[in-house]
Amino acid sequence: MNEIKRTIKYEADRVVGFGREVMDVPGCEKLESCIQCGTCSGVCPLSIYMDYSPRQVMALTRSDFKNEVLQSHTIWLCASCYACTAECPRQIRITDIIYELKQRAIKEGIYPKHFTIPVLAQEFTKMAYQNGRVTENFLAAKLFLKTNPKAAFGMWRLGLALMRTGRFAYRVEKIENRGELTRMMESAKKHRDHVFAEEAHAIGGHGSHQKAH
Amino acid sequence: MTKFSYYPGCSLKGSGRAYEESLLPVFKSVGVELDELKDWNCCGATAYMAVDEVDACVMASRNLAIAEKAGHKEVVAPCSACYLVLNKTKHYLHDSPAINKVVNLALQEAGLSYSGNTPVRHPLDIFIHDIGLDAIKAKVKKPLKGLKVAPYYGCQIVRPYSTFDNQYNPTTMDRLLEALGATVLDFPLKTRCCGGSLTGTLPEPGLLCTYILLKEAKKRGADVIATVCPLCQFNLDGYHDKIEARWKEPVRIPTVYFTQLMGLAFGISAQELGLQRNITPMKPLGATAA
Amino acid sequence: MSVKQNGKEEVRIGFYVCHCGHNIAAMVDCPEVAKYIETLPGVVLSRDYKYMCSEPGQDLVQQDIREYKLNRVVVASCSPLLHEHTFRSATEAGGLNPFFFHMVNIREHNSWVHTDRKEATEKAKGLAHAAIQRVAHHKALETKRVEINPAVLVVGGGIAGIHAAMTLANAGKKVYLVEREPSIGGHMAKFDKTFPTLDCAACILTPKMSEVGCHPNITLWTYSEVTKVDGFVGNFTIQVKRKPRYIDPDLCTGCQECIPSCVFKEPKFSDEFNEGLGKRKPVFISFPQATPQVVVIDPEVCLNFKRGKNPDGSAIVSDKCKKTCVDACGDKKAIDFTQKDIVEEIKVGNIIVATGFKTFDAERTPQYGYGKHKNVYTALEIERLVNASGPTGGDVIMRDGKTPKSIGIIHCVGSRDYKTNKWCSRVCCMYSMKLAHLLKEHTDAEIYSFYIDMRTPGKGYEEFYNKMLEEGVHFVRGRVGEVTDWAFTPEEEGKLVIRVEDTLAGYVRRIPVDMVVLATGLEPQADAQDVRRLFNMSCGSEGFFLERHPKLAPVNTFSDGIYLAGCCQGPKDIPDTVAQAGAAAAEALVLIDRGYIEQEPNTAFILDEECSGCKSCLPLCPYTAITYQEDRKKAVINEALCKGCGTCVGACPSGSIVQNLFDDDEIFSEIAGVMAYE
Amino acid sequence: MSEKPWTPRIVAFFCNWCTYTAADLAGVSRLKYAANARVIRVMCSGRIDPQFILDALNRGADGVLIGGCHPNDCHYVEGNYKMLRRFQLLQRMLGDMGLEKERVRLEWISAAEGEKVKTVMNEMVQTLTRLGPLGIPKRWDEWDKEMTEMEHQAGAQEPVACNCGIAKIKAEVAHV
Amino acid sequence: MSKPKVAFYWCASCGGCEETVVDLAEDILAVVEKVDIVLWPVAMDFKYKDIEAMADNSIFATLLNGAIRSTEQEEMAHLLRRKSQFLIAYGSCAHTGGIPALANQFSREQILKFNYEDAPSVVNENKVRPQLKFEEEGRSPHLPMLWDTVRTLDQVVEVDFYIPGCPPTPKLTKTAFDALLSGNLPPKGSVLAPDMALCGECPRKDSKPIDVVFTGFNRSATTILDPEKCFLAQGVVCMGPATRSGCEAQCVDGNMPCTGCFGGTSRVHDQGAKMLSSLCSNIESKEEAGINKTLEGIPDPVGTFYRYGLAKSILRRRINPTA
């Protein structure tokens, strides 16, 4: 992109409260103490491809730049190798924060267009949800048809190799008791909101509230 | 004969079936019986966590509950992603009362329950700490003399929930391979990411990760890379063409499961161990010695 | 309104609530508290005032005492540990016995820790109510004086200990300086130059060291450790264990003939002083300017100890060795393998603890490859490497024999890191830049300095930073992710690669270098906890010794007569250390020159009439202050020995032991007071 | 304060050298915690007489917190052990007297542990809020009613016919 | 002029205190000739209305023993208070609640249920309980109501003096009488017994070493007791150190440890708490586990430390009788 772009940020560009929201999610609270040292980017094997470095994503999140963060490639480039989480001198659970951001991006549907990964995530989820299992090559096929069939074409050699070596699945794997799984997921949908509300209330007060690690 | 619950995960039934094919006989020969969880379901992997943490926990916890029902106190999860997700779920259930409540309500629907104390363990952990190197040495019939192996652990079994090995410099597989008589190389990238699912979705960055690993292994004179994870194996084995095309550099080097190497050393045939499933095949043992 | 107390005396209480500027007033409605207290029986007047501890505040108390014939004073302000003394004095100046005063803590325990003004105000009322009820029971008391032994013990012979000892000795006081190592000098003796002035550490330190060595008022015991501390401020009894160095210091002339003559022709044992970069013999002297100039024999490696040591420390002399050293020493006869541990017992009135710090163990941050890649060094190793008297005579030659052309210095190793040490070590930024300068000077290499935040708060420090920028040191703001030895690009081949985000440029970078220097942080000595117990001090959460008050008593500890100097209290640089050592010495001098201290009269005593002689209290007193008089069949407390803990009071089954300042009726009325207010 | 909703009232006894100082540190560090406790300073936890604890409860405290130096760290060598020993039996005895054992709490808090003061205070407020008021004085107002009141009830009560000695006890049970 | 009138009355008590009065033996005659006994239910007949008929304060002194635990006892306490110049709490029950006050560990319901239904010796299928009022042959007698809480006399009416003990000794009783009659009295509210703990007059005092620490507690019922040695030195709980003297250590003479019937000294608010404090402080162990092991020897602290004093203790009764 060689057109000149304005890069200044005005207060109106912030979605005030976003940072707080994220930091209130169990496991994400330590973001408060980020000192922007860049260790996360320093150890991230994929940071070299990111539009914002993990460190910047942390800063942007904390400063309420919701749109910038949710539209960034960064969160989708995370391969969740947890190197950043393991190395962060402030013990911030960066990988989990990135997960949190991915979830929000998907919920709000504002992830970068024609980006395969969120689609993969969703397709994967759907398949896992419906069949209880995931059959890789079917998933892959689906994915490529949804995103760019051309790429699928580019994969034919690999496909053949897999068939040759007998690593290719010809039918979709399913669990027997799919109803059971569905019931569970339904129940989760039913209860989650009020349970979380209750817990938040129970914790409240002056209490240093519980956190997921 | 000690028994463990066995959670294979989707890959070990699919592209990673060679892992299972080698895992079972090897465990058998050291006197461990794995019985597969009845009607287990996908752990949700990293993808599900990206969509919805709570649902992901519900999904994963069904397996833990089934395991608890089965009555063996420990679950073996060979796939790194499964290992991580199941452990992560345990942590969430322990740390977040809310998630715990939701999950248990969900489990009730299925007439299941989970008490929280079912350790999820990786085969490496069990081989080293339960069975022990001496017992393994004793089983070696064909030592892997002169076979130069680059031990590759990947990320998710050492970070962040693993307790059985050092997260900076894991050595369990190193020690195991040495016990098999192999020459274990100092492989500085042993815990560096292989690119994970990116290889499929965003080839450029994904394959770079894989390329770096192959390149370094080759440079250090490895005959073979040993891995513990079906996705790593897939990445390191499946994309040689693409990588060579992209970076104009020969990187062909076979990547096999550490259990396959154990099997070979135990004298099990390559066929039984599913070695024929490698896209870049490993040379038969004798040949490498030269 | 006023009430009669126990028949005779009429209690007239003056109550004062302090705003402490906004510190209290912001969270506590002071006028309302005053208004409430005014209504309580016995309260003659009740005021709120901006700063009670100020001159006018104290005058106010004194005037009121005279004007309103007050006989009790209560002040609600900060912690009694801070200002109780101030207000007691004011009360006394007003013509009352100081112990008719009582203090209420509504700042540290209230306004500073609460968020709801109403709740905080209610709490203040409750606490004040309690004090009003309590103070009515107060009695006139006399403080007791304890003589101060003018001698001082200084523990630790680093720059802090040296400076404190010299200050006291020059003031004409007797000083015992105890150092664990064979020579004094501490870490500073290992440094090459000192920031920001770059003057040579040895040049400024060694003169002070030799002064200490020959000062008539200083008894210097190196290679020794304090093993026992008894008594209290003014009269401590100390036991010092002196390890045998197998050399008689009085006979040794420091000629060091013994060293070349040792049967080990080549030095082959790791040299601690040079951080293991050099080698020494079993008989050695730590460094040329070591004080005292007395060699040491290392029993771990000397052949004469092949058959080990006796329990008392002396050698079970073996014939394995030709004892060439003894011949070399000749008729001086200074070498003595039969030397034993000596335990000295001394009496002192004050103690200065200056036990220093330990540098962070770089292997605890494996991502930087210390101990794995041989060209990764710690800062202290570099100090020796660039030092003219160091193992390489000042030439920067790496472990692989090469001279570095590019060097990366990594800041904050074992600092600001929640996985190792949370705190900032305060000196690393500066010493890293100093090393950058020295390394550049010695090697002309390209220097990269990786920092999180550049901290240069000190006279001439920022200027030094600027100097380094001008000298062309490449500063990269970013905490290094990893140091590895695998190459991705040709220029990385055979180098150590530093992977870091250059947070200012906004790129992740891979920077190949020949040498990596880890600016390791400062942490408490490994045995800090034992030392703490030995001297009955407290430690902060990070393990450094805790000062009595961060601002107002920075060198005092919670044990009177025991002071802190230098890095044992927290990381600090040489100027601050010296300043603190001087302050500690001054604190000691205060007591010594006054000659006595007044002790809180909170001692317990037994009501002789009432004591049934049940003997229950006897085993309880840790100071054996309680004795049983067989003839009278009663227990008595020796006030001189009583430290006022009140354990016996709480345990006397017939309530026949009472304690000044903390008597039953005082505490019961305090309980009634806090509960009276809803 | 009747209008304000009930919150637990805590009497705390802190030793001068460790816990009281820790509370000062909490203040200096501006940590924030619940305002329910009233701290009474003693030189050593060894001074704390079980009578104080009972008295505090009897005067309306919902809980009592005791703070002393960690084992081995007592400024007076071992006052804290003496407290620990008393506490063990006192807590059991209070149980026999119908009090929940969480109402009295013993904590070792060193001069450096300002944070711990905060957490302990907050935890205790949470626990007591869960347990609800102890309010012994209020209970006595209730209990003492039986002294005069019940006689009136007895008088007011309708006599019931006695069928051959088998007494009707409803009345009796009614107001038990 | 007529002799001063004296009354004896009993409430919740065992009658032991009456015995003491009788035990004054020949001294009783001395008393009798100095005073008119106008009321003494244990020894002579009288009617409630006789007392009611008396003028207020017409009785010189009333020695009332027994705790107050029923409406009738309360009524009598008030009546006698009104009629007497001096009301004296006589004996442990009136003074500190005594044995009856151990009932304060339970609710009335629990007590009635046990005594009329659950007690092994009871046969009562219909679970009949005493009722307050009933009609029979035209009469309607009514029973006093049993209280939930047992009280000391001074928790019901104002008391002038206390004579402690279960029972008080004849000697204390006589000196009390002498003091009353001679009119040289200590301040109102005094306990008419020495204000020093029992060890002061204990014959075994010297047999206690100065360094007794406890590693365990023996119970007098299950150990052979050395007849010479201080009980505490034998690891047996003796309330002596926390209990007023004046009994001349009679229990100790009988080789039984003091159980504390004289109550604490004037300087103590809670005899039991004080004894607990002193015993525990001298336990040897420094770890919770070890301490609790040692304390296993005191299975029932309430019964041990408040055998006679529960009503007078700071807490006075169990807080949640149902809990």
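Each chain carries a letter (A, B, C, D and E) given by its place in the written order, and its residues are counted from 1.
Basically, a residue touches a chain if its C-beta (ideal position, glycine included) is under 8 Å from a C-beta of that chain, and two chains touch if they have at least 3 such contacts.
Every value quoted in this text rests on a predicted model; they were computed, and no experiment measured them.
Trainee: Note the shortest touch-path length, in steps, from chain B to chain C.
Mentor: 1
Trainee: Two chains share more C-beta contact pairs than any other pair here; which two are they?
Mentor: Top of the contact-pair ranking: A-B.
Trainee: Look at all chain centres (mean of CA atoms) and spot the one farthest from the centre of chain D.
Mentor: Most distant chain from chain D: B.
Trainee: Between chain D and chain E, what distance separates the C-alpha centroids? Give it in angstrom.
Mentor: 27
Trainee: Compute the distance, rounded to whole Å, between the mean C-alpha positions of chain A and chain D.
Mentor: One centre to the other, that is 49 Å.
Trainee: As a quick test, compute the distance in whole Å between the mean CA positions of chain B and chain E.
Mentor: Chain B and chain E have C-alpha centres separated by 77 Å.
Trainee: Touching at least two other chains at once: which residues of chain D meet that condition?
Mentor: 32-33, 46, 49, 51, 55, 78, 82, 86, 118
Trainee: Please list all residues of chain A that touch 2 or more other chains.
Mentor: In chain A, 48 touch at least two other chains.
Trainee: Mind pulling the chain B residues that touch 2 or more other chains?
Mentor: 212
Trainee: Enumerate the contact residues on chain D facing chain C in the complex.
Mentor: 1-2, 9, 11, 16-18, 20-21, 23-24, 26-28, 30-33, 35, 38-44, 46-49, 51-52, 55-56, 59-61, 72-73, 75-79, 82, 86, 110-113, 115, 118
Trainee: Which residues of chain C touch chain E in their complex?
Mentor: 607, 609-616, 618-620, 628, 633, 647, 650-656, 664, 668
Trainee: In the complex of these two chains, what residues of chain E are touching chain C?
Mentor: 195-200, 205-206, 208-213, 232, 240-242, 245, 264-265, 267-269, 274-275, 277-278, 281-282
Trainee: Over in the complex, which chain C residues touch chain D? Could you list them?
Mentor: It is residues 79-82, 105, 107-110, 112-116, 119-120, 122-123, 126-127, 130, 533, 536, 538-541, 546, 550, 558-559, 602, 620, 622, 643-647, 649-651, 659, 662, 664, 667-668, 670-672, 674-676, 678 of chain C that touch chain D.
Trainee: Quick check: in the complex, which residue numbers of chain C touch chain B?
Mentor: Per the touch definition, chain C meets chain B at residues 366-367, 484-486, 488.
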